[in-house]
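In what follows, structures are represented as structure tokens.
Same chain, two partners: subunit A is paired with subunit B first, then with subunit C.
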Partner chain A sequence: MHTLIQEMKNKFSGDDDFFALEETFMDSRVVLAGFNTLLDIATTKLGLQAYIEAAVLTGTARDELKAELGEVCDRSDSAKARLSLLTGKLLICFEDDGSCVIMEPTPKPLNRAIEPPINENVFQGSLNSFTEDIHANIGIVRKQLLTDNLRVGSYHIGTEETTKISLLYYEGRTNMEFIHKLVGQIQKNRSRQIENLQQLSKKIMGFPSWVLISKFSQTELPQEAANFLRKGRAVLFIDRLPIALVVPSLLWDVFFLDSDRNLPLPLMLFLRALRLIGAWLTVVLPGLYVALVSVNPEVLRIEMAISIAQTRVGIPYPAIIEMILMLFILELIIEASIRLPKNIGPTITMVGGIILGQAVVQAKLVSNLLIIILAATTISNSTIVGLQHSLSLRISKYVIVIMAAIYGVLGILEGLLLICAYVASLNTYGIPYIGFSSKKDEIKHG
Partner chain B sequence: MDKSWQVTLIYFITHLGLIFFMYPGDIIASTEDGHWIPIVLGFAVHLGAIAVYMKGLVRLGNRDIVSMYLGMGKGVSLLFLLPITVYFLLICVVSVRCLSEIMTVVFLSSTPLWAIMFLFLFISSYIAFKGIRSIFRTGLLIGCINVPVILFFFSASFQNVDWRYVYPLIGKSSFLTNPSYLESFFVFAGGFLFLGFTQPYVAYRKRHIVFGALALLPFFVFSVYIPILTFGQATASTFNFPFVVALDTISITWIMFDRITLFLLLSLISFMMLYLSIVLWSAMRVVNQSFPSLKPAYILLAIPLFVFIVCLYIPDWKDITEFYWWGTYLRFYILVAVPLSTCFFAGRIRKRKVGL
Partner chain C sequence: MKRTLKRGAGLSAVVGLLCALCGCWDNRDIDHRSLPVVMGVALHDDLYEVVLQIPETSQKGIDIRIISQTGKTINQAVDKISERMETSVDLLHLKLILVETEYAREGLTDSISSFMRARDISPKTIIAICDEKLDPFFDYVASSMTPKGTTLYDCFEKNAGWNPQMSLTRIWEVYRSIHSYTRDVAIPIIKSGRSGTIDYLGSALIKNGKMVDRISPEETLLFNSFNGQSAQGKIEVMDHASVLILRSSVRHRSKFAHGTPHLDVRITLKVSIVETKGSVTSKLVKKEVEEILAKRFDGMLHKVQTQESDILGLGQYFRKDIPRAQLRNWRTEYLPKLKVDFKINTIIQNDGNTKLT
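Presenting the complex of A and B:
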């Protein structure tokens, strides 16, 4: 028997879905091998038959037929054969001369269709979103960007378990120095295995792991991804991950959405200003409550100070404990409503509403004002673009709350300064996080 | 890359931070009438120093002044770098101690002094630790947040002014020898030194700095005149921080806060933090380039620690003013010698290059 087939049979002897069928093509014996869970045997065979019949009719030689069927490969290249089988290709081995062909068969339908986005809402924009299949994703981007300047490079990462990643960029608008750096990193570390984005950013890209803000901006909207490409950023796709990773990520991604531009200019500015104010309120409001109640009440007008003090009558602990306690419950509610299936989710909302509503106030555990602050914070936290950004924002407000408890209003301002300094110190291969776009001819397109 | 706007903005906001605390009090104490004369005179000296300094830096090209002094031999570097370093340390000590004193007086009466000083030093060293580019970017962000606040309250501070207090316009020249007037140069010296340190990291067009300086003039003038126009010279001269007190008189009915001073003061303190971080970073550069074996991170730990300990040993306001006064001679030395020597040495280096 063919040596390569024998090797594959040994390799996949424990796999029930592996098949090796003997057939006769144009008077020579061949073995077809593959996984019946990844490819549709019956349709593939029909297709093969059509090829052979056409070849017999036109009198094509066998070597030409091989080239027509797919990629002819050497019998000694077992690693490549193994990878092709695992990615759902059909291996055709000719017994008499020992050559092999890797053919693209009819695949089993294992991908979902292109659907509207789930994690991001679109307001007046295109509704497609990325899916798990990397080819489909690149195809969608190509549909969005009809230009011959879009470059796509694909890499297989890892030796034991292989992950395919693709790098897309817009030639002529992207800073090529940055792209070379990126490609160099991928090439250098291509033998390392990655299973998640943490590993991608640490092992492949060489980013530090203790950062609050991811170096990748994520989006599942093709329209946004295409716009990032136009602005000179690079987009990374990972097979089986239905999101586009935009590098370098910039601060303005948090506030500016491309589909805003489908609205008239004043409305767009209004929306963006709202997001900025939302982010600012999220960070400042809880701290302001703690500072004004416990450290600097004299800053307030006397009427205001008294009415705040009245809402806190009978509450047994300091403002900081009150605040941290309720923020913590709120975080739990948010996390729980993400975890739960859609049909139980509303229960959490309802129960949470009862806790955060009247009950906790009537039980004299927290003040009325705190509930208002808490609600305002949560709402404003959700105004910014992208869930991972709102997570960073959620964490940073604790810095301010703690500093406000110690230093009052001074603590808030200094905490803001600290956060600003942190944000300002971030950069991706020398491209600052708070810059407007990636270095080169950016102002024009940004 | 051209960072002229960032550098100008930093220059502008660090000076804003410096102006409003000590400067009005010093000027008001130095003379009884015609305050604009000492202000304009001081400002002219500042502008002249900057112009000479910028000329030198243009000649110097893509180097910082530390490497220039070090290249001139041991004697020269000792003559200039030692005073600069001592002056930086002095600035740190005085500013940190002074600001924390103001904080306790104005609104943190129950917080211990060391905690406030620790906060200031921690934040400024954290920013300094991130490097000069990061300092500039932080300045950009914090400027976007705080400059509107400052401009708003600054314009609101005209609420209670009585313009008749401007007169008499012409005063005596006796202020020249007044110690308070000499102390007021704290604002003019020191704030501009960092411009010579940024060079290999951040390039900028030198002309922009002069525009930035001109934009500061109204703030110099009105920081002194607002207390005078509000209270009159006789009353204003009794306050330690006349501008802060003048702000306290403002009432804006539609704001839910009673003391809006707080917000102006705190925004200014953010700027002072930036200023401190630049000073710390510059001091680190001097030490690091003179002794390359020391790691920058250790230096940036050691300097704030030293400043913190010195600050702890200053017991009260009287000693701060004494400390402040000690720095006067050094201040004038820096204000005159550094720009002139930069211009001179840079010219010599350039000639030597042309000669080769």
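Presenting the complex of A and C:
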């Protein structure tokens, strides 16, 4: 028997879905091998049959037929054969001369269709979103960017378990030094295995793991990804991950969406200003409450001070405990509503609404004003672009709350300073996080 | 690994020290502070009497709590009040300081300096003189101003109950008056009213922190417009008509010759006619407005010159002419000699919604 087939059989002996069928093509015995869970064997065979019949009719030689069927490979290249089988290819081994062909078969439909985005909402923009299949994703990007300057580099990472990643960039607009650095990192660490983005950023890219803000800006919208490419950023796709990772990530990704540009300029500026104010409010409001209520009430107007004091009559805890307690409950509600299936989710919203809306106030555990502050914080937290960014924002507000509880209004300033200093210290291979991406062909306003 | 440990230890030390050293346990929540809005100060037999008006929150709304104590100093009295209350007294929100007339006549210098020195009293606090004993006045406040804790202060608030014929003087202005050679202030005088709020009796002329004389509300209006405070909204009543001042502007020109200061004052008033009696012409209204204001100004100037209290800040225009050594004698030497040429130009901007007949 064919040595390569034998090797594969040994390798996949424990897999029931591995098959090796003996067939006869043009009077020579061949073995077809593959995984019947990945490819549709009946349709593939029909296709093969059509090829062979055509070859017989036109009198094509067998070597030409092999080349027509797919990539001819050496029998000694077992690693390649293994990878091809795992990625759903059909291996055709000719018994007599020992040669092999890796053919693209009819795949089993294992991918979902291209659907509207789930985690990001689009307002007046294209509704496609990325899917699990890396090829589909690259294809979608190519549809968005009809240019011969889009470059795609694909790499298989890992030895034991292989992950395919693709690097896309716009030649002529991208800083090539940065691309070389990225490619160099991927090449250097390609034998390391990655299972998630944490490992990708630490093991492959060499980024530190204790960061609050990811070095990858994530988007599942092809329009946004294409826009990032146009602006000279690189986009990474990982097979089976329906998001595009944009490197380097910049601060302004949090506030600027490309689909804003489909609106008139003043409206676009208004929306972006709203997001900026929203982010600012999220960070400052809880701290401001704590500072004004317990440390610096003199900042308030007297009427305001009296009405706040009135809402706090009979509340047992100091403002900071009250605030941390309610923020914690709020975080739990947000997390629970992400975790729960869609048909139970509304229950949490309702129960959470009852707790936050009325019961806590009636039980005199927290003040009315705190509920208003919390609601405003949560709402404004959601104005910014991207869930991962809103997470970093959610964490950073605690710094300000604690500083405010200690130093009052001055503490808010100190907390903001700390956050600004931290954000300013971030960089991706020397590209500062707070920098503007400015390439020569870039249009203005972000 | 070692570096991470070191960093972790450093970080926890910083956080630990932050918690241990910040002193944040001294922070009192807003509901545990009393925020007095009005402070009344009187001096009897070398003992200060301090009355605080504190808005108290309750389930129903806001009550006013009046607490008074005596002490050798104002601070001692406030401390005594704080001792006796379940919350701590926090003077940060003090908006109005009321001084008894007798104390104002004796001189406010000491207490104004201590208000300025105190960190918790804002220099922006308004000062007023109470033309009766503090206790009955505050009794009246407590009984008639309960639905809202800040009524008394609202009377002086520019976006609430302030009127152009009321002078509006802050503590820092009194302090400036005490230490300036060429400028004094007028402090509003109030008294408990009959139906609801307070009666405004005019302003006190202050000289070096002492009350020396009074001017009427009408004169105060002129004083306000002379000092550039908006005099808008005041209805000027005359024999034939009343007018609404829409805008006023003042121009001064000073001349100093042979030791005698001369000042030209031109006030331009834009008015609108509100009410007329019988048939009047716009000419007549103009003439009457100009006459009546000129008369009032002369009366006020006479008081200023005889009492040597420069509330109009007239000395400010001669600071460049008089050497500093002699400037200290402005009030006594130059102010009584000052010649003022006062002219009012009235422009009737409109006759209201109907024409003058």
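The rule we apply is simple: the second predicted complex is superposed on the first by the 437 of 446 C-alpha atoms of A that agree within 3 Å, B and C clash if a C-alpha of one lies under 4 Å from a C-alpha of the other, contacts with A are read in each partner's own complex, and residues count from 1 in each chain.
As a working rule, contacts are C-beta pairs under 8 Å (C-beta built on N, C-alpha and C of every residue); 3 or more make two chains touch, one makes a residue touch a chain.
Source: prediction; values computed, not measured.
**Student:** Once both complexes are superposed via subunit A, do subunit B and subunit C end up clashing or fitting?
**Tutor:** When both complexes are placed onto subunit A, subunit B and subunit C end up side by side without any clash.
**Student:** By the touch definition at the top of the document, which applies to A:Ala136: first (subunit B), second (subunit C), both, or neither?
**Tutor:** After superposition on chain A, A:Ala136 lies in contact with neither partner.
**Student:** One more residue to check, A:Ile371. First (subunit B), second (subunit C), both or neither?
**Tutor:** In the superposition, A:Ile371 contacts neither subunit B nor subunit C.
**Student:** Give the angle at the C-alpha centre of subunit A formed by the C-alpha centres of subunit B and subunit C in the superposed arrangement, rounded to the nearest 10 degrees.
**Tutor:** Nearest-10 rounding gives 40 degrees.
**Student:** Would you check which partner chain A:Ile321 touches, where first means subunit B only, second means subunit C only, and both and neither mean what they say?
**Tutor:** neither
**Student:** After the superposition on A, what does A:Ala405 contact: first (subunit B), second (subunit C), both or neither?
**Tutor:** second
**Student:** Based on the superposed arrangement, let me know which partner A:Leu418 touches: subunit B (first), subunit C (second), both, or neither?
**Tutor:** A:Leu418 sits against subunit B, while subunit C stays out of touch.
**Student:** Which partner does A:Leu212 contact after superposing on A: first (subunit B), second (subunit C), both, neither?
**Tutor:** In the superposition, A:Leu212 contacts neither subunit B nor subunit C.
**Student:** Check whether A:Ile52 is in contact with subunit B, with subunit C, with both or with neither, and answer first, second, both or neither.
**Tutor:** So A:Ile52 meets neither subunit B nor subunit C here.
**Student:** Could you tell me if A:Pro432 is touching subunit B, subunit C, both of them or neither one (first, second, both, neither)?
**Tutor:** Touch status of A:Pro432: first partner only.
**Student:** Is A:Leu271 touching the first partner subunit B, the second partner subunit C, both, or neither of them?
**Tutor:** neither
**Student:** Tell me, in angstrom, the smallest C-alpha to C-alpha distance between subunit B and subunit C in the overlaid model?
**Tutor:** 5
**Student:** Which subunit A residues come up in both lists, the one for subunit B and the one for subunit C?
**Tutor:** After superposing on chain A, subunit A residues 295, 298, 302, 406-408 contact both subunit B and subunit C.
**Student:** In their complex, what parts of subunit A are in touch with subunit C?
**Tutor:** Residues of subunit A touching subunit C: 292-295, 297-298, 302-303, 305-306, 308-310, 312-313, 315, 318-319, 405-408.
**Student:** Quick check: in the complex, which residue numbers of subunit C touch subunit A?
**Tutor:** The touching residues are 18, 22, 24, 27-31, 33, 35, 37, 55, 57-59, 62, 90, 92-93, 95, 122, 149-150, 153.
**Student:** Residues of subunit B touching subunit A in their complex?
**Tutor:** Where subunit B meets subunit A, its residues are 103, 107-108, 111, 115-116, 119, 123, 126-127, 130-131, 133-134, 137-138, 140-142, 145, 256-259, 262-263, 266-267, 269-270, 273-274.
**Student:** What does subunit A use to touch subunit B in their complex?
**Tutor:** Touching subunit B from subunit A are residues 295-296, 298-302, 304, 406-411, 413-414, 416-418, 420-421, 423-425, 432, 434.
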